[in-house]
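Taking it in order: structure first as structure tokens, then the write-up.
All chains are identified by letter, namely A, B, C and D, in their written order; residue positions are counted from 1 within each chain.
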Amino acid sequence: MRLHEYEAKEVFKKCGIPVPEGKVAFSSEEAVRVAKEVGLPLVIKAQVFVGGRGKAGGVKFAKNLKEVEEISDKILKMDIKGYKVEGVLVEKRLNIEKELYLGMTIEGSAGKPAVIVSSEGGVEIEETARNYPQRISSIQVNVFKGLKSYEARFLVKKLGLKGERLFKVSNILYNLGNLYRNYDALIAEVNPLVITTEGEIFAADAVLQVDDSSLFRHPELQAKAIERIPDELEREAKNVGVTYVNLDGDIGLICSGAGLGMATMDMVRRKAKPANFLETGGGMTKELMAGALRVVMKKKNIRAVFINVYGGINPIHEGAKGVVEVIKEDKIKVPIVAKALGNRQEETWGILEEGGVKVVKESRTSKAIEELFRILKERE
Amino acid sequence: MRLHEYEAKEVFKKCGIPVPEGKVAFSSEEAVRVAKEVGLPLVIKAQVFVGGRGKAGGVKFAKNLKEVEEISDKILKMDIKGYKVEGVLVEKRLNIEKELYLGMTIEGSAGKPAVIVSSEGGVEIEETARNYPQRISSIQVNVFKGLKSYEARFLVKKLGLKGERLFKVSNILYNLGNLYRNYDALIAEVNPLVITTEGEIFAADAVLQVDDSSLFRHPELQAKAIERIPDELEREAKNVGVTYVNLDGDIGLICSGAGLGMATMDMVRRKAKPANFLETGGGMTKELMAGALRVVMKKKNIRAVFINVYGGINPIHEGAKGVVEVIKEDKIKVPIVAKALGNRQEETWGILEEGGVKVVKESRTSKAIEELFRILKERE
Amino acid sequence: MAILINENTKVIVQGITGKVGSRQTRLMLDYGTKIVAGVTPGKGGEEIYGVPVYDSVKEAKEEHRIDASVVFVPARFVKDTCFEAIDAGIKLIVLVTEHTPVYDAMQIKAYAKTNRTIVIGPTTPGIISPSEKIKIGILPGNMFCPGNVGLISRSGTLTYEIAANFCEGGIGQSTAVGMGADPVVCTNLIDLLKLFDEDGQTRVVAIVGEVGGTEEEIAAQFIKEKMSKPVVAYIAGKSVPPGKRMGHAGAIVERGRGSAESKMRALREAKVKVAEMPENIVQLVKEALREI
Amino acid sequence: MAILINENTKVIVQGITGKVGSRQTRLMLDYGTKIVAGVTPGKGGEEIYGVPVYDSVKEAKEEHRIDASVVFVPARFVKDTCFEAIDAGIKLIVLVTEHTPVYDAMQIKAYAKTNRTIVIGPTTPGIISPSEKIKIGILPGNMFCPGNVGLISRSGTLTYEIAANFCEGGIGQSTAVGMGADPVVCTNLIDLLKLFDEDGQTRVVAIVGEVGGTEEEIAAQFIKEKMSKPVVAYIAGKSVPPGKRMGHAGAIVERGRGSAESKMRALREAKVKVAEMPENIVQLVKEALREI
């Protein structure tokens, strides 16, 4: 679960990481009110769940209240890469002397949190890693003892900071380490950390992505998690209990298992575009499969649906009942091809065939996909 | 810092330890309001910072609203062992089937938290330890990994619990372990943990003592810490910056160092009763010593004051200035005897003697105390 | 011989009385797995398909020799469940539970390492060795057959499909292991490659990878420098758009890492033949076996 | 020889630029302590009384041999400061800071044990060995004198008084150690007794205990069973009422434990002579020395 910048900054502030004075606004009038409170000049930043908002015109400076109103009105009406802007963060503009990068992420292979710092603030860390790897320093953190303050200082010193600044910035990094652990973060990032010409230090931007699996430990976030999904179909699928990713094609997919789902997607992609990725998880029921098919069919242009499921942990005969029920009730006309193997496969085949599904009794997914395209061609 | 039962129960509840329905009340009218909300029958419990409230009549059952009013009125006016009752906790009365004890404390010598459980609920654990040591089980906890849930189950199983109860009670104990760590507790105790005849489980009493040194991590408690000290002089001393313990004698004591202070107290005790224990700590200033002497002199019956300080980390010559200032300004007439050794002792002696303090230039405290009693005798 | 397990491996089921735990216990028993005990706190004294249930691993251990544990408890209990098994001295843990918090997985991984315990997962379908008639986890037994290919997969059902393809092509498995599909898994690809490289029964190793993380890239380096047996691979997720999480918590191409292309490139540089479609891996294994 | 320290011990001061840190550095230097460096984050490059200041222990260690550290940082930084020293491989830490959270002290104690580091304190006045001309901590040098009594104390100023009484009575100290007065101290009484029992210079050990905890009771058992040298003791706090905390966080008689009577009884049962007043301990040591 990714938090909005303004939400992340609330958390950062609570955890001892200074952020610029400012507030979120959801209308241009509200933005002007905030501006009066905070004082000019200001920066107005789109709150949107996609990167590259700066280049897309989602971050602007405002020198007077008129500009605040105009700019926030404009940004609030924007769509950035297909994502709706959900608010604007109206913040005191900083006089930048120096920009740094502080971040924490998971070093998956080592299975430890990693702290990364760089003297290149304001650009993506991946870009710095490509262009100036020597400007990056990083260490791994002990999962029981957490980031130690001297480790934070060790890293910050490598950024060339001395004296008071060394002390303050390492303190911020240390607090980021505690925040990372206490909030079950996957990514926590301050980019840039700004040192102003007045010598003050602020997290000018804040990224906080919380582990979805940990939300039971964070009830205040859990409540927001579903409404937070920007895509309507993805949100609906979440309620059904399946994982759905909206893609730009027209072949609907329903698979049990993410690996199988991706492999299926890859194979379909050789001849056509998948409309979605959909993974049922291990809790298949009649209702779940019915819901899954309905979500897939919500897209207008679906030409066919391919179902690829295994009866290992899942009762696929139950799932089959859900599929045929939806075909009947919703009067689905597009061809549905299924490959269903494992426990009770014969029973499953019977149900599906009776309901009008073309069943491919074969263990190779590629063969089933060939059959799907053969049928589609026939229909043309 | 010890929390009131009702405060501790709020914490326990938040941490997943069920407590009986109820609320604190500070007047009998409020108690009646709570009673109407919670429903009869009820138990009414004095909120007071001293043990043995039950025997002193501070815990009573109420069957109807009239009893609620009368009993809470009576309890609210009580003094228990010299401590004012600060409120009453009005709680649903439980139908007790079984009482257990769950507690955590510090095993100082091992330097680890210890979990203690006993099948004897409702009596002090020290008493059980004396009378039925075999009914107590305990383990020490890893300070980095905390109490593990299987360790909690291991202990609870020793209480003879099975099935659902084993599961529920060990869950409560596990939550107590987390609470203990998250709140920097020194003692966290559920005594008794009640299993009702209906099969429900509640922490019928709750003790939570938080490490004073950790309060910077618990700002919500820190705010309450000073007002929490029941003795007025002790509270005042805390504001001065010294540790003061009110005793029942008439010889005032001011010592630098707790060990020295206790030894001094022990030696005075052979002939007279100390009025207090007072320890300056390591941050002596003129103001601090002035404040310390004023706190000591606040008791009406003070016959003499003995000052016993060392100039190691403390600037005793500065302290001396504070002492003579107070003698002059407050026109103190009782004899003051001082033993002051260490850095700048001669300077200190000069200041004290000039101000009318009898200085004993001797390294044995006992000799200085003899001198004090000689002077007192002379005066009689 | 298989890796990690063999016909004498004695297994306990942690979370045996749950819906999944009890059903999978039945399937494991049917396959031949020697399940000696189950653990569910509060259910000590019950029996599940003839398997005695205990309140704690310690109590089970007093009555039985235990070599391995399989974990089916809900995600929030996973950490403590694994710690219990580790503290009781169990040296192999198969952690099937999905949605374990990543921080908990990291702590399990660290604690297991300190105690020289192997934890497979989280989110693993398990381990199976057809020739030893043992499976630990949820892998469906009828899709696997005995042989000399070591199969390592980050997926569940895709593993079944590939195993079935293998069997149809006359290729059996020495052991098949699901690594789990989370951002942090307790046993890395490279650890399993080492085990297969030392295993007498295994002649070729097949890797079924997917987008996300850097396991395959790190393994490629190892294969190039240290591995003596031939390795073939398939990587799922070539068509995954960046930033989209594909069902598996670990299956996400983000921050410039973990794309299928990067993995395939690294493996090919290590002279690993990489299949374009899952079924093609069967052909690659056949070729590798011929070339030995 | 002294215990723990000797004339060649090289010391760093963590928190050297603070008010107490710098003042005590001056006093230690004057006494003869070989302070090679100080550490204060952000003050690297400065000098305090000629002692170079570094931002980290690691940097100090690159330039100097370091045997011991003395810690004067504020309580909230104590845990990380000690971890830094431990991770840098320093084997003796004298932790002077008062009001360290007890949970932090427990973690320091555990971490020190894992890394075979000796931490004295928290809330210790320090260690002094007059014959070796070294003191680490805040003990005032002029109150101690060289000799063959090992002095272990839970107090600060009371130690000075007793040491001064010793010196006036012609009895010097091999080493004097303040254990610290918190509920959890990182080095126990028994650990120090063992060191003194093995020390060539020490002939008698004097314990200055106080109410609270069970250190003296546990030590009594050790003295009875294992200790070869004579031990004498004084216990402060006979007149402390139960439930009242006397300045030291650990000095509290509660829940039926830690009374002066219980300690004195345990020690006397172990044939330890216990003084009624601090100054009497001098006489007890003299008797013990005569009896050897």
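Please note the rule applied: a residue touches a chain if its C-beta (ideal position, glycine included) is under 8 Å from a C-beta of that chain, and two chains touch if they have at least 3 such contacts.
All values reported here derive from a predicted model rather than from experimental measurement.
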Set of chains whose contacts include both chain C and chain B: A
Comparison of A-C and A-D by number of C-beta pairs in contact, larger one: A-C
Between chain B and chain A, distance of the C-alpha-averaged centres to the nearest whole Å: 50
Distance from chain C to chain A - Cα centre to Cα centre, in angstrom: 27
Separation of mean Cα positions, chain D and chain A [Å, integer]: 55
Chain C, residues touching no fewer than two other chains: none
For chain A, residues contacting two or more additional chains: 144-145
Chain contact topology (line, ring, star, complete or other): other
Set of all touching chain pairs, with the criterion as stated earlier: A-B, A-C, A-D, B-C, B-D
Chain C residues within the chain A interface of the complex: 20, 24, 75-76, 98-107, 109-110, 125, 138-140, 142-143, 153-161, 164-165, 168, 181, 183-186, 188, 208, 210-211, 213-215, 218, 234, 236-241, 244-251, 255-257, 277-279
Chain C to chain B touching residues, read off their complex: 41-45, 55-58, 77, 80-81, 83-84, 87, 111
Contacting residues of chain B [partner chain A, same complex]: 144-145
Footprint of chain C on chain A - complex, ascending: 105-106, 108-109, 111-113, 124-126, 129-130, 142-144, 181, 184, 186, 211-214, 216-217, 243, 245, 247, 255-263, 265-267, 269, 274, 277, 279, 281-282, 309-313, 341-343, 363-366
Of chain B, residues touching chain C in the complex: 145, 148-150, 153-154, 157, 162-167, 170, 174
